[in-house]
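For reference, chains read A, B, C and D in written order, and residue numbers begin at 1 within each chain.
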Amino acid sequence: MLRRSSILKLGRLAAQATVTAALWTASTGAWAQDVIRIGAPLALTGGLADEGKKQQVAYDMWLKRVNAAGGIQVGAKKMKVELLTYDYQSDEKRAQQIAERLITQDKVDFLTAPFGSGHTKVVAGVAERYGVPVMASVASSETVFNQGYKYLFGTLAPNGGIVQNMAVIFTRLIPGVKKIAILGREDVFPRAMAAEMKKAAEANGIEVAYSEFYPVGTLDHAAALSKMKATGAQWVFITGYTQDLILARKQMGDLKFSAPIVTMVTGPSYREFVDGLGKLADGVTSASWWHHSLTYKSDDVFGSTEAFYKEFVAREKKDPDYVNASAAAALVVLQKAIEKAGTLDKAKVRDALAATDILTFYGPVKFTANGMNQGRDLPIIQVQGTKIVPLYPTPIKAGSLRPVAPF
Amino acid sequence: MSAPLLQVQGLTKRFGGVAAVNQVSFDLAPGRIVGLIGPNGAGKTTLVNLITGVHRADSGSLQFEGRDVTQQRPFEAACRGLSRTFQIVQPFPRMSVLDNVTAGALFAGKAASPAQARADAMAQLRFVGLQALADRPAASLTLPSRKRLELAKSLAMRPRLLLLDEVNAGLNSAEIGAAIELIRAIAAQGITVLLIEHLMKVVFSLCDDLLVLHHGELIAQGSPQAVAADPKVIEAYLGTKYAERMRA
Amino acid sequence: MKRSMAIFAVFALAVAAVPLAGDNYLLQQATFVAMYCALALSWNLIGGYAGYPSFATAAFVGLGAYAGALLQNAGLPMVAAWVGATLITAAFAALLGYGLLRMKGHYFAVGSISIVEVLRLVASSWAGLTGGGEGLNVPIMPGGPEFAGRVFLYAMWAVMLLAFASAVWVDRSRLGFGLRCIEQNEDAADMVGVPVTRYKTAAFTLSALFCGTVGAISASWVSYIAPTDAFSILLTLKVPVMVLLGGPGSLLGPVIGAASFVLIEQTVWSRFLDYNQAALGLVIVLLIFFLPGGVLGRLRWRAKPAVQPGAAPAAGSAP
Amino acid sequence: MIGLQILVNGLTLGALYACLAVGFSLVWGVLNVINMLHGSLIILGGYLTWYAWLHWQVHPLAALLPVALLLFALGWVIQMTMINRLVRQPVLTTLTVTFGLDLILYNAMNVLFDATPRRITLDLGTLSLGEVVLAWDRIVAFVLALALTLLLYAVMNASRTGRAIVAVRMDRDAAELMGIRINRVYAMTFALGAGLAGACGALMAMVFPITTNISGLLLGKAFVVCVIGGLGTVPGALVGGLVLGLIESLSGHLFGPQNAVLIGYGLMLVLLMTRPTGLLGRKGYE
């Protein structure tokens, strides 16, 4: 015989369950009207909070422009777009949970992938099972796209290409570069970049005097930098997230360790790298997937790189970086595919995406067989003074490579 | 004389230079009540701690029922039938009185199952007269009841040697009388008892032999009367007045 | 005891019935509930019964995930990989327990939480085996999302049942009684004949066992693992909070705690986009102040004796 | 000679670790509370200093004291309202409450400052002694670590409050009987811990990019330093920090950065098992 206390307890549990169920149905009641629903899992807290916000700003800019123009032309009628955002707290299981929720609960038509190759893989895994096209704006390692996912498309070109050009150009422009010291962060993208650099250096006859990785959560690089300094390398190549690179560059200053070429991957392409280092940032080279001084004209919601740049600066009071541009471009490409397919049918839009070959404000987008944007000459940049100056490719060359000033 | 239950040879324990127990040797024959007396700080409790494995002896050896137990740990001593009570009582505070004693029966007492252990425990509670408080949490007991709980717990462990560490401390004279009867009843069950005690009334009415410890050394051994006459013991512990009264 | 098992049976049936009623997302929620119940029940063995506040849960989950993934990549069928991962985690816990359990209170807490960090760093630096920062791919289980959803729900569900069964066995057995003695007064337990070190290590190993299985299952479920996600400090702190919410040292406490925590987190997290972490923090702080004994603590009106007097003698429980 | 540089790197890093851990060690040593909030308090100190530098051009070293006092007040409030009622609870409860508070403070800072790494680009330059190079801000950190430890040592030994804190650490009930108002002493201790975190944060703003992401890392380092140095003594945090700094610097050189942090943790675990009171640990808190 269940006594009063356990009945009471069961009653409360049941009540709690119904309340939460009601909350869910309320939130998803809106799918009746004809609106295109795009799901966006974003890391708004946790380790990737900074990058998550960059994607959010870019998505919002695209969304406002599309809805201002009455929505996306789907066959006969124009449909407004609704963006559903959840914070997956930079936690992989939570990202998977949200992807599942967006597809089954919120019945989204399409998905965007979160920041970084690792978590993109997780969301893509779920989307693939349901056949929902996923637009990945910040995933550039081949290991993400070699899983045979048919519904995954990424706007970033493969990261291999970046370092090949650097190895060739830098050695040509600055004589006497014989030794390189490489320090990489033990994380999906930075690790791949360090490995690519090692290959490119060896291919171009540069001796790899030091090549080590540092684990996520390192608070000090002095030991590694001291050893690198001892090798007398003329080229220092360090990969990592912005805070790792700011710290590494500052500690190089602390040790009076300099080299003609100091390359940090993807640090200098972010405004906060230059703000955080001041004159120490001067001369640091990097590579990126996009730079706001590009001058593409395009028939998309933004019209041109210039227009995107102006609207971003007006809104955020700082220059956009490749994450902002790539995130907005991912939705522009999706919009084009929907218009071309003339339907919201996921398989048809997927095929339209696969056949994409257009020029956007962000640059040319043409997906290869595995869904990655085709490799092309990616901009190489250098911090000169407080400005980020593109050095390559020639159409956007705005300055020439300067060796880093010794101490 | 049957084989000794416990043989102690040259037991020594130093705490940072101070020899709390120094070269102590004695034997305990089964079935007898032996008193261990001596001034405060003589090393009585340390000796008990060494015997029950709470401390590791620096040198010397311990034989229990013919087996060398010098390096034994407390729970091994308990399971071998060597149980003790604490000067400062150590109950399981949030457990009921019954469960406190059940613990003894279940582990050292090697009861077949928790249910069997509970039955044995109830028997011990009746023996010490605490069956009425079986369900009360141990923390709520008065001092005399706590002392009896300690006793019941140790008995539930089916000991062959029971070390009572000042089990009568803090009791009034009526309660001491009851305690003496209880200890006599325990010994009657064939359990050897080593009694650490300051109350000479208890010592001389209960003990068959006496061990006198002073500054960590065994200064006398033998029947109560012989020990009381020993000048060393008088000078170290009993005091001359008491000795004369004893002899008269 | 009987009542708790009945309530748990009803709860388990409800979780198992979710696939009939809900869509895949609800099914996934049920899987998370089952997962966290299994973790909470496991934690309770060392944290609740023995009173040793372990923060090593995430270390065992991560170890199970990597072991499971590596075994699966080495060609073992999925379920065999899970079993293998469980054994490896248990062996690791037994070895670790011997050293770790010498510490008490704060030192044990700090020691156990540092194991999570140590394993994360080992997984990160041993790139040859674990793929390091790149992480490890696990072959996606064939069959559509509905099939996959059910497989992983019932897998976690089974682990929850096993965890509950082991909790019931421990609660009734000599080990359970001994652990309670250790929790209340370790020295007295030693004096009473409880083999303290052996029992603590047994409880610690048992508590790690199912964490390893949960880790292996979630590796197959998410099909990608990386060091920072597999060894998550957030998880290792959340599980004890769940047991605190429910009521430590009891049978049902962990289940009630885990289930309500997951539900609270869902509603809190989906309602407040930017403030969900603060909301969760607030819930935890309020919980500690207004529900010190946990939900069960509040419902338990009279002091329940450790062993139910008069409860049916546990058949054949003498190990 | 690279050996000397490694030694110097280790000592300066160790000084930073000491600054980071001294407040945490005090709270753990005296209140027996593992303060999970400590990492975020350091970051808060860093953000405030950065904000003052950016908007009012206040030099970080000048901002150090006001920031420390501000966090001292915050610490006092947190202790009086919440932690005081839980000090007698087991470690699980106090750790969980401070974990909950940490989530709140973390989220609040994320919303106010968002997670972009920020740093005060004020370079104090470097000092070269032969081949060995030392950054001035690290030297300041070294001096500050010594100063904080000496200050705490003085407070603990000379002032009435200090002796009260030591008494409470040794035996709370006895101290209460001697007429020490326990709640005030706990509030003072927790507030002192928070103030020390603020001071460390102010200094960190010059050395590290401040972002909420590293609050967990700082807390982890404080754990390790306290265990190595030992609780219950003021110089414990200083010694623990310097030893950890040297170990990480040396192993980073010998075994590569990949294993440096791991070896730091390894040392901690070994010490935890063999000598839980740490190198200098003792019961009281002198």
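Everything that follows uses one rule, which is that a residue touches a chain if its C-beta (ideal position, glycine included) is under 8 Å from a C-beta of that chain, and two chains touch if they have at least 3 such contacts.
The structure presented is a predicted model; accordingly, all values stated were derived computationally and were not measured.
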- Message: Mean of the CA atoms for each chain, then the mean for all of them together: which chain is nearest?
- Response: C
- Based on the averaged CA atom positions, which chain is farthest from subunit B? A
- Query: When the centre of a chain is set as the mean of its C-alpha atoms, what distance in Å lies between subunit A and subunit D?
  - Reply: 35
- Mind checking the centre-to-centre distance between subunit B and subunit D? Centres are C-alpha means, answer in whole Å. 50
- How many angstrom between the C-alpha centroids of subunit B and subunit A? 74
- Message: For subunit A, give me the residues that contact two or more of the other chains.
- Response: 45, 47, 186, 213, 215, 217
- Query: By residue number and range, which residues of subunit D touch two or more other chains?
  - Reply: 106-107, 110, 220, 258, 261-262
- Hey, which chains are touching each other here? A-C, A-D, B-C, C-D
- Name, in rising order, each residue of subunit B that touches subunit C in their complex. 52, 54, 73-75, 78-79, 83-84, 86, 90-96, 98-99, 102-104, 106-109, 112-116, 118, 135, 137, 153, 157
- Spell out the part of subunit C that touches subunit B in their complex, as residue ranges. 172-174, 177-178, 180-181, 184-185, 187-196, 303, 305-307, 309, 313-314, 317-318
- Message: Going by the contact rule set out above, which residues of subunit A touch subunit C in the complex?
- Response: 2-3, 5-6, 9-10, 13, 16-17, 20, 23, 27, 44-45, 47, 85-87, 89, 91-93, 96-97, 100-101, 103-105, 118, 121-122, 125-126, 128-130, 141, 143, 147, 185-188, 190-192, 213, 215-217
- subunit C residues touching subunit D - in the complex, by the definition given at the top: 47, 53, 99-100, 102-103, 105-107, 109-111, 113-115, 117-118, 121-122, 124-125, 233, 237, 240-241, 244, 274-278, 280-285, 288-289, 292
- Message: Quick check on the complex: what are the subunit D residues that touch subunit C?
- Response: 28, 32, 34, 82, 85-86, 90-93, 95-97, 99-104, 106-108, 110-111, 216, 220, 223-224, 226-227, 258-259, 261-262, 265-266, 268-269, 272-273, 276
